[in-house]
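Labels run A, B and C following the written order; every chain starts at residue 1.
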Amino acid sequence: MRNKPLTPWLFLAPSVLGFAAFTLFPIVFSLALAFCAWDLFRPPRWVGWDNFQQLLGFTVREAPSIPPGLGVILLAVCLVLAAGVILRLRGGVRLGLAVGIAAVAIFVLLQFLEPVNERFWYYTGNTFYLLLGLPLSMACSLGLAVLLNQTIPGRNLFRLAFFLPSIVGGVGIYLLWKWIFNTDYGLINSVISLVHPAGGPAWLESRAWAKNALIIMNIWATAGGANMVLYLAALQNVDPQLHEAACLDGAGKWHQFLAITWPMVSPTTAFILIMGIIGGFQGGFDAAYVMTRGGPAGATTTLSYFIYENGFRYFYMGRAAAASWILFVMVLGLSLLNWKWMSSRITY
Amino acid sequence: MWKWRSWIDGKWSARGSRPSPLRRGRTALLAQAPPARQWSAVTATRSFLGILLLLAVAGCSRSAVNEEPVTLRLMSAGGYNRTAEEEAVARFRAKNPGIQVEFMQAPGRDYYVKALATIAAGSDLDVLWMGSGFGLFSWRDALLPLDDFLRDDADFSIGLYQDAVVDWYRHRGVLLGLPYGIDVQAMVYNRAAFDAAGLPYPTPDWTFDEYVEMARRLTAFGKMNAGACRYGAGVDKIAPHYFGVSLLSEDGAKSGFHGKAAREWLDTNVKLLRGERSFLRVGAQGTLDRLSEFLQGRVAMVEAYSWDVGDLRDRARFPWVLMVNPLGRDGQRAGWASSSGFAISAKTKYPREAWHLLKELVGAEMQVKLMATTVPARTDLQARYLETNDIPGANLSAFLEMLPYVKIAPRIPELLEVSQENDYWFELALQGDDKTEDIMDRLEHSTNLILSTSPARQ
Amino acid sequence: MRTRNPLSLAKTGGLLLLVAVGITMLYPLLWMVGTAVKTNDPEALLREGAGAGVFPDDRNILRNLFPPVWHWENFPEVFRVSPFARYYFNSAVIALVVTAGQLATSSLAAYAFGRLIFRGREKIFFLYLATLMIPASVTLIPLFIMMSWAGLVDSYFVLLVPPMFSAYGTFMLRQFFKGIPDELEEAACIDGCNALMRFVHVVLPLSGPALATLGIFTFLGNWQSFLYPLVMVSSDRLKTIPLGLLDFVDQNSANWPLLMAASIWSILPVIGIFLFGQRFFVSGTRLGGVKG
């Protein structure tokens, strides 16, 4: 449709101006800040790659755990194998072997190098670990949607009950869950001690279980929420005749699910997955701030909490900006991977 | 409305002079399209203009502030002091009519961070409460020097204030704040619990090992007898000074955790808090805070601070007694102490007025009002501390008796980060997976790293 | 095969499972309500007995879910003890204004990206998309610094204006606008009219569900926004409800009954909006990129 050349820009003006001022410019500024050291009181100082080096860098170990000669030999073997794989093999085997060779090479390298800031890698690991809650939560959402899709009495009531946890957020809920996870008196350990006399794990006091507690809380909060509603909408698009036909052919319920339901909701799954990854990487802040303050010995510190702590508690603005860019690169990488992987698997 | 839209179009059409080209089309549209919600175009345009108007107002409200009368902004952590602060502000306003005072309250645990951020951002902040986080501000030149005001103002007699306490607010010789109170730490025990378990009361010359032994016996008794105190003692961590070590060296430039004594400290903590569980780790995930656990009768001995007196007096259902800290393994007595006071932000726009407000906030009336929560900083008022807080049998003089032994921690700018680092390694040790020697080494190493690479000192 | 008995075994099993899940979902909220009507006052606790406190010693959680005496006065007490009414006002203003602003700017931009032709359209839109993936942490620090230079930290401006511009809304609405057939617009403008008239009279009326869904999600998101106001705001008069709830939390303890009562206060509008907007939800979900 034709329009005067000026018109689109007038439509875009508010959005683009705000976008430029509050998104683009801060992003560029943040990139510049990542190469400086600044505590807001003294003038900023250019430090180049220092911030990144302090977060992601590696230094040579003083005492490698395997002899250097052996290490060199192993690395050479890896290189040769890699060359052979790239040049000769094809298909899925190639990918698997490449990953295996890369893993061995990294392992060997790590015997000689150690991270400058191993806690940063630990926090990165925390962030990834907490993402595990996403597929679990999606599975629960899908399951609930399938259950709710049938005609049962009080369906709307159930839907409301399931949706409530996702809209009630805030400090009160976090402290409530902190109490539920109490080692001695909390609800969960009380229930566990009914069947298992030794009691449950020391949830938020234990480094090993703190993140699991957060994942459980996250599933409670998101299983019945927007994702379930999206799945319900997608399920209602599925033609019941497909199910009937499959039934006539003798397919069991589970087989019907795999063959009919799952592919039909795959676009929704892809959408939820991507949004969940983007959101999940930034998440974990509220819970960490209110419930655990970073957890027993940093166990619940995610990258976003780390960034807040370094930027707004210790006023290491440069380091926090560098960490946020590392986070961004991770989000970007994982989203691209996810998109490539899912686009081959979505059926329309 | 029509003229505005037509201007975009480049042609003028008088209002209503010919039927809108849209009107015909709209009927056609409604005939074809599925029934949709009648979103009023007028509403949409109006709301858009409304947004623009709101933005303009919001932008203008900022500049309008400058035409208002002088407003001072006072930041504090609220809580106990709020009423006393409000009274001090009322006295100030009575003497200085025409000046408004606005309160800003920051969440307790992030108070220093919020105050720093406010000063850093250049937001209006004039007077702020100051405590153990003094180093965070003094090293960053965030506070206004007060020496000139002291010299010029004859009303204020600094000589009445205890010298040592005033010195705590000096940084490189410059006075950056004034105290109103001294916060001291002693021990408090539940006398009924000791009676029930048949144990002798703590005495002023008790040692650390006696303290641990009492805690063990009380915990064992509590396990056997329902209704008794479940734990003998509750701490966040057993203080390093019982072993003769401290978090930082005297000059605040290096970690104080080195050597055998430091390892002993960590080992004892792990054993008592995790291994034996004869000490309850209060305030950690899943427990209540130190004072609530004590007041609810679950823990028989906890550390008591001067600000707990009010709660102890009002909420305790059992007889309680204060006692000076036990002697450490090095034979010395020591304890935590800090001072409460106020300071003026370096970026204040009204230094004179802020100084007058500051004087009220640290003056005699304020100290008298807060006598129940802190030992006054004025030597002439300290004598009244015991008679004002007359609680028979509570041995409140324990706080005064601790005064000669307290050593204030060095005021460093990396306070938050170093304590966080300390907490990290401490909690890691409590998990029990690593050897305490390794942990102490790495704690010392990383603390030194933080202190040497900190930008605030350069 | 099709079952004639509506309550077959599988269905009963499914129903039981749903009930169990429902109880699990609701239990924490019930606990919240139960705690909100308890009291911390030691005198009252003595009168009412062992189970009336927030954390009774015995391990039976179910018995002590609700106290023997319901202290309804906790609800007005919340407003007496802290400036909660102010927090309510701030949260409401921010959520409403930001939602309205986002709807306005996003719909205009989405229309331009979706239906108007101009040079560089795809490039600029790609830029928008790319920033979708940028975590909020990246822009938070520079935004704080920028606002402090402008002297706007701790003001309504910083709470209202930057959140108004979101690429997410533009992205969602563009998908939707692209789905509107061209013929509708052409039919409405037989005599030729400018883009603004087409937008206001044709596209907007059809976008009711999409705008409503986006509006509801934006409202909810801003009502619960925590990190952004935490960083930008220091004074009491600008705090929002999520920050205001921290008033009831001390260093290591919390005033549980009042905290839970305040939490319930903060949830009520959210539930109201959800109930009101429910009918838009299911129909509006079709625009959520289901087709990719």
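Following the convention adopted for this analysis, a residue touches a chain if its C-beta (ideal position, glycine included) is under 8 Å from a C-beta of that chain, and two chains touch if they have at least 3 such contacts.
Given the structure is predicted, the values throughout are model-derived calculations rather than measurements.
Undergrad: Just grab the chain with the largest centre-to-centre distance to chain C, centres being mean Cα coordinates.
TA: It is B.
Undergrad: Determine which of the two chain pairs, A-B or A-C, is joined by the larger number of C-beta pairs in contact.
TA: A-C
Undergrad: Between chain A and chain B, what's the gap in Å when you average each chain's C-alpha atoms?
TA: Inter-chain centre distance comes to 34 Å.
Undergrad: Express in whole angstrom the distance between the two chain centres, defined as the mean CA positions of chain A and chain C.
TA: 21
Undergrad: Please output the residue numbers of chain A that touch at least 2 other chains, ranges allowed.
TA: 4, 7, 10, 40, 179, 312, in rising order.
Undergrad: Would you please write down the residue numbers of chain C that are in contact with two or more other chains?
TA: Within chain C, residues 55, 104, 144, 148, 161, 164, 194, 196, 231, 246, 249 contact more than one other chain.
Undergrad: What are the residues of chain B that contact at least two other chains?
TA: Each of 8-9, 117, 120-121 in chain B touches at least two other chains.
Undergrad: Using the touch definition from the top, list the residues of chain B that touch chain A in their complex.
TA: Of all residues in chain B, those touching chain A are 8-10, 110, 113, 116-117, 120-121, 140-142, 284-286, 414, 416-417, 420, 424-425, 427-428, 430-431, 433, 455-456, 458.
Undergrad: If we count contacts the way the header does, which residues on chain B are in touch with chain C in the complex?
TA: 5, 8-9, 21-22, 24-26, 28-29, 32-33, 36-39, 41, 44-45, 47-48, 50-51, 54-55, 58-59, 61-62, 73, 75, 78-79, 102-109, 114, 117-118, 120-125, 282-283, 288-292, 315, 317
Undergrad: For chain A, which residues count as touching chain B in their complex?
TA: 4, 7, 10, 37, 39-42, 45, 119, 178-179, 181-184, 186, 203-207, 291-292, 294, 296-298, 309, 312-316
Undergrad: For the complex, give me every residue of chain C touching chain A.
TA: Against chain A, the touching part of chain C is residues 1-2, 6, 10-11, 14-15, 17-18, 21-22, 24-29, 31-32, 35, 55, 59, 61, 104-106, 108-109, 111-113, 115-118, 121, 124, 127-128, 131-146, 148, 161-162, 164-165, 167, 170, 182, 185-186, 194-196, 198-199, 217, 220, 224, 226-227, 230-231, 241-242, 245-246, 248-249, 254, 256, 259-260, 262-264, 266-267, 270-271, 274-275, 281-282, 285-286, 288-292.
Undergrad: What residues of chain C sit close enough to touch chain B in their complex?
TA: Those in contact with chain B are residues 42, 55, 97, 100-101, 104, 144, 147-149, 151-157, 160-161, 164, 183-184, 187-194, 196-197, 200-202, 204-209, 211, 231, 234-237, 243, 246-247, 249-253.
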